[in-house]
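There are two complexes below, and they share chain A, which is joined by chain B in the first and by chain C in the second.
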Partner chain A sequence: MGSVTATVPPPITRNIGWMFRTFAAITGSGFRRYSTYRQATLAGAFTNTVFGFLRCHVLLAVATGAGGVAAGYTPDQLATFVWVGQGLLAVVLLWGWNDLAERIRTGDVASDLLRPVHPVLNYLAADLGRAGYALLTRFVPPVVAGLLFFDVAIPSRWSTPPIFAISVVLAVVICFGCRYLVNATAYWLHDVRGPMMIWTFGSGVLAGLYFPLHFLPDWVTVPLWLATPFPSILQTPLDVVVERDDWPVQVGLVAVQAVWAGLILLACRAVQGAAERRLVVQGG
Partner chain B sequence: MSAVPGDEPVIEARGLRKEFVVRVPAGRFRRTRRRVTAVDGIDLTVRRGEMVGYIGPNGAGKSTTLKMLTGVLMPSSGEVRVCGLPPVARRTQLALRIGVVFGQRSQLWWDLPLRDSFALLRHIYRVPAAAHAARLRRCRELLDLDDFLDVPVRQLSLGQRMRGELTAALLHGPEVLFLDEPTIGLDVVSKQAVRAFLAELGRSGETTLLLTTHDLADIERLCHRLVVIDHGRVVHDGSIGALHARYGSRRLVVAELDEPLTTPPVLAGAPLLRTEADGRRLVFACESATASAVVARLAGLVALRDIAVVEPDIEDVVARIYRNAASEGGADPAQGCSITRTAKVPGASASYRWGTSPGNVT
Partner chain C sequence: MADRLGVLPAYWALLRGQARSQVSYRTSFLVDLVGNVGATVFDVATVLVLFRLTRTLGGFPRAEAMVMVGLSAAAFATADLAVGNIERLRQYVRTGLLDAVLVRPLGALPQLLLMDLPLRKASRALFGVAVLVAAVLTAGIDWTPARVGLVVLAPVCGVVFFASIFVTTAALSFWWIDSGEVGSAFTYGGRDFTTYPVTVYSGWFRAVFAYVLGFGFVAYYPALALLGRADPLGLPVWAGWAAPAVALPAVLVAALAWRVGVRHYRSTGS
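This part shows the complex of A and B:
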């Protein structure tokens, strides 16, 4: 049995290479885990595409009613806004994630705490893997449907795709952080249905999913953008991809996202630390 | 050959204590906060290579102790070191050096095949590829994993999953293995496989093992040392033999007779415990007399159809300890049994501070 055991303490290393490999391995596992649910992927992509038609026609009707341009968006831009938004919805995973809350409720979170990786990093890495899988399987179908059935605005500046890519990654991180915080309320409440309902309603309205936030007056949108993370989850990447603003403004919006991503991850770490200090692991 | 445990303590706990604050209804609208003690000043030293059975009735504080030793729960007071590290403060470093199996939880990824879970654990625990491959190969041989390595964990039977859990806990070569009811719910064959594996592990003397269980056959098969706790306190710490000696366990001689006796024989040093089967079966307890002496004496006195020597039953002894402890601890019925129950109920809230004193708070 000698090969199964060890008596020498393993080297405690903070080697960046190791950390990167660990993070990448967990990310890869997130991708593989979600790729096992193929029927759910198919059903989700179909549903998002169907709702894309509804939303697109509604917003195009609004633009027509407004004389062709609504809140600064042309009909082509609105179509892009809707179809890319329908794809991004699954990539950032705005709704439907309660894995952490469920593990807290059942006490399985103890297994997460017994790994030599900080729980926030562990869940973040897995979520990035999930987002990667969603990008391939849930983002593409609605965007292709939009391209096929509507006149959509295609980015014209070379700088837009890379800024959009960075914006999407940051949006995933921010949305993950928000979901983590909502789930972490289970450490105190045990039943997260209340916080989850508030999140579901609040994020849908304030992230720009139901309608572009520019439909609201500036005195609402500016504080919303700066004081809350919600617009950074969907509205910012969508405004970047439809090229609503010049590139310096696009970069500025992504910088706001980066600040929010950092703040949210710090908040997750602080909340996790506070939770662990008062943790009651459920079950024997 | 069994290795002699080393002198170096791997687990050291002094005055380890865990209190939970629970809220109980006190009228229609009022709720009273009450502090209950799950672990009440445990002292424990486990040396390298020891295999220790840690047992107690439901709610005694076994799992709570294990969670404090592994860094998942912060103690209310007391000192604890595992592998020389304070478990809570250095949890992630400690995780590299311990393995934990909770029989009622899974550390594997539900959606992934075992093979992928093991590969992921290699990266998480930063194990060199060669060492990982060697340990996995050994576990595959001993635990017979090959038939279900490519099956997603969610499709495994409980016995298969538990074998996967044990492998997952050992792939990084832990110095200490904590097992919380590893055989719970397993069938006989799976239990035997798990026990044989752990016995093999213990024979090398390299891995320290702390095992909690309600199945005392696990303890008899695996552990030389037994720690019994109740109401959060250690009530016995020693060998199984010492337990029998302390609680007066006796070997029994069961004699089946051809014909019932109206006056059973009186044997010096072996009182008749009971008569069964209408006087055809006599049960003697060996006190000062040896079993062989009792058998020889009986053979000379009566016509025997069959005879059996029954070893002392550890379950009886432990049940007696539990009953004694329960009656001694009866002054506060809220302690012990309700503590862990309260902590398990979703909605129960708890908080703690270092060095808080026991007692009710409102």
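This part shows the complex of A and C:
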């Protein structure tokens, strides 16, 4: 028997316009899907806001104890760091995505493989739609709460908002890729609880959600930043928005993100390819 | 009463069945045991990282703050082991599994708790207790018989308190299936709140969490009493002993919320 892959050959029409329309349509459907979970959205925004209060008070107390400035962050910057972080948490969707793993476990993933769009691209498009909806509904409430109840640092340079916007988009792509890889272990393991647990516990700390990574010694922070994708998921956009560094450094950090986004998507493609070859062997 | 005791073997059978099924996948279980420590380890490590930058947090040096961390971690992790899985009640209501539980001649709450008691979280509870033991031994506490009593009483009351919060917030899903993460704001949020000295927080936020909801009496005030420190916020020393007085009403609220909730439940079908 010759080898048979589970996917259909890619469509012959290499029409960029067609591909773009398909991608946009899937993104739109992702946006609409999540816009139906209204009560869950409200509940999530409430919880993010409560945790914003908890984390903000603790970090401000650290700054007070450290004599006003903690690891280079002023109290205002720490407040912005916490509240924008609580908003971004749902935009990048650090936790709670196991759609792909469930579809692999139940076998539904077979229908994804029949679509004329690569699975990674398909899920990425839907995830960008989800992120867009989260930006409107989950990002705004914690940030507004921060503005109302704390003194926050507001970006002062015109260049910061556009760099931040690019940084957030890249963060969504990187986080999506990581989640995709964690979910894809289901092709081999069937039960993804182990990898999922490691991801859940590790990502929060290593991405800078619990405390800014600059609180750690440099010999930990720098390798973490360059050798792992985690800081690119939250720490980088947050450092950009609090204007910790001048714009050339901001651009450099975003460039690191861009490299990671590319690497992660390539890894997703490679893993998906390997998994599909295996899936044929297994499914018969 | 005799009737009540008569059902104990049934619960015991449920628990044994659960334990057997979970331990039978030995490698999986071991991985879960080890992995689950991670969550609490990160919580404690976070506090240590913060103390790299400052000598005091909310006016407390590290050794004293660790007593609060230990009390909070031991109480929360144990409550999470015992009743934490009740937060899955949402799924039970949505899928209708709760109906099957309600028609059996046993209490609904104990059944749900025993049906998926997460034994893998035992490692987390042990680690929490270990942190507490290490913290109280290194904090330079002037031991008296009363304080020895308190160091046992406080975590026990903390477990009861957190367990009540778990049940109360889970009962919310009898009315609001999509309550989603709201419960986490008070369960995991309560853990985060109790980890740090109450002096770290301020204004109405502190008033609500520490005094209205009662989280201040889980770790902060017992720690003050153990350390023999006066409360910077002005409450008298006996506040450290108020843990039972806070845990008891919490249990009553949880029991009430659960009973009213189960009565209110109208299945998902028909």
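Going forward, the second predicted complex is superposed on the first by the 267 of 284 C-alpha atoms of A that agree within 3 Å, B and C clash if a C-alpha of one lies under 4 Å from a C-alpha of the other, contacts with A are read in each partner's own complex, and residues count from 1 in each chain.
Here, a residue touches a chain if its C-beta (ideal position, glycine included) is under 8 Å from a C-beta of that chain, and two chains touch if they have at least 3 such contacts.
Remember, it's a predicted structure, so these values are computed and weren't measured experimentally.
Applying the stated contact rule after C-alpha superposition, one finds that A:Thr47 touches chain C and leaves chain B untouched. In the superposition on chain A, contact is made by A:Asp191 with both chain B and chain C. Contact with chain B, but none with chain C, is seen for A:Arg21 once the two complexes are overlaid on the shared chain.
In the superposed model, A:Arg157 lies in contact with neither chain B nor chain C. When chain B and chain C are set side by side, the one touching more residues of chain A is B. Judged by the touch definition given at the top, the superposed model places A:Gln39 against chain C, while chain B stays out of reach. When the two complexes are superposed on chain A, the residues of chain A that touch both chain B and chain C are 37, 191. Chain C makes touch with chain A in their complex at residues 28, 31-32, 35-36, 38-39, 42, 45-46, 49-50, 52-58, 176, 178-182, 184-186, 189, 192-193, 196, 199-202, 205.
Across the interface of their complex, chain B is touched by residues 1-7, 9-10, 12-13, 18, 21-22, 24-26, 28-29, 32-34, 36-37, 105-108, 110-111, 113-118, 188, 190-191, 276-284 of chain A. Of all residues in chain B, only 20, 48, 58, 62-63, 67, 70-74, 83, 88, 91-93, 95-98, 100, 102, 104-107, 109, 111-112, 116, 119-120, 123-127, 134-135, 137-139, 142, 152, 170, 172-175, 180-181, 200-201, 203-204, 206-207, 340, 343-344, 346-352 touch chain A in the complex they form. Of all residues in chain A, those touching chain C in their complex are 37, 39-40, 43-44, 46-47, 50-51, 53-55, 57-58, 61-62, 64-66, 70-71, 191, 193-194, 197-198, 201-202, 204-205, 210-211, 215-217.
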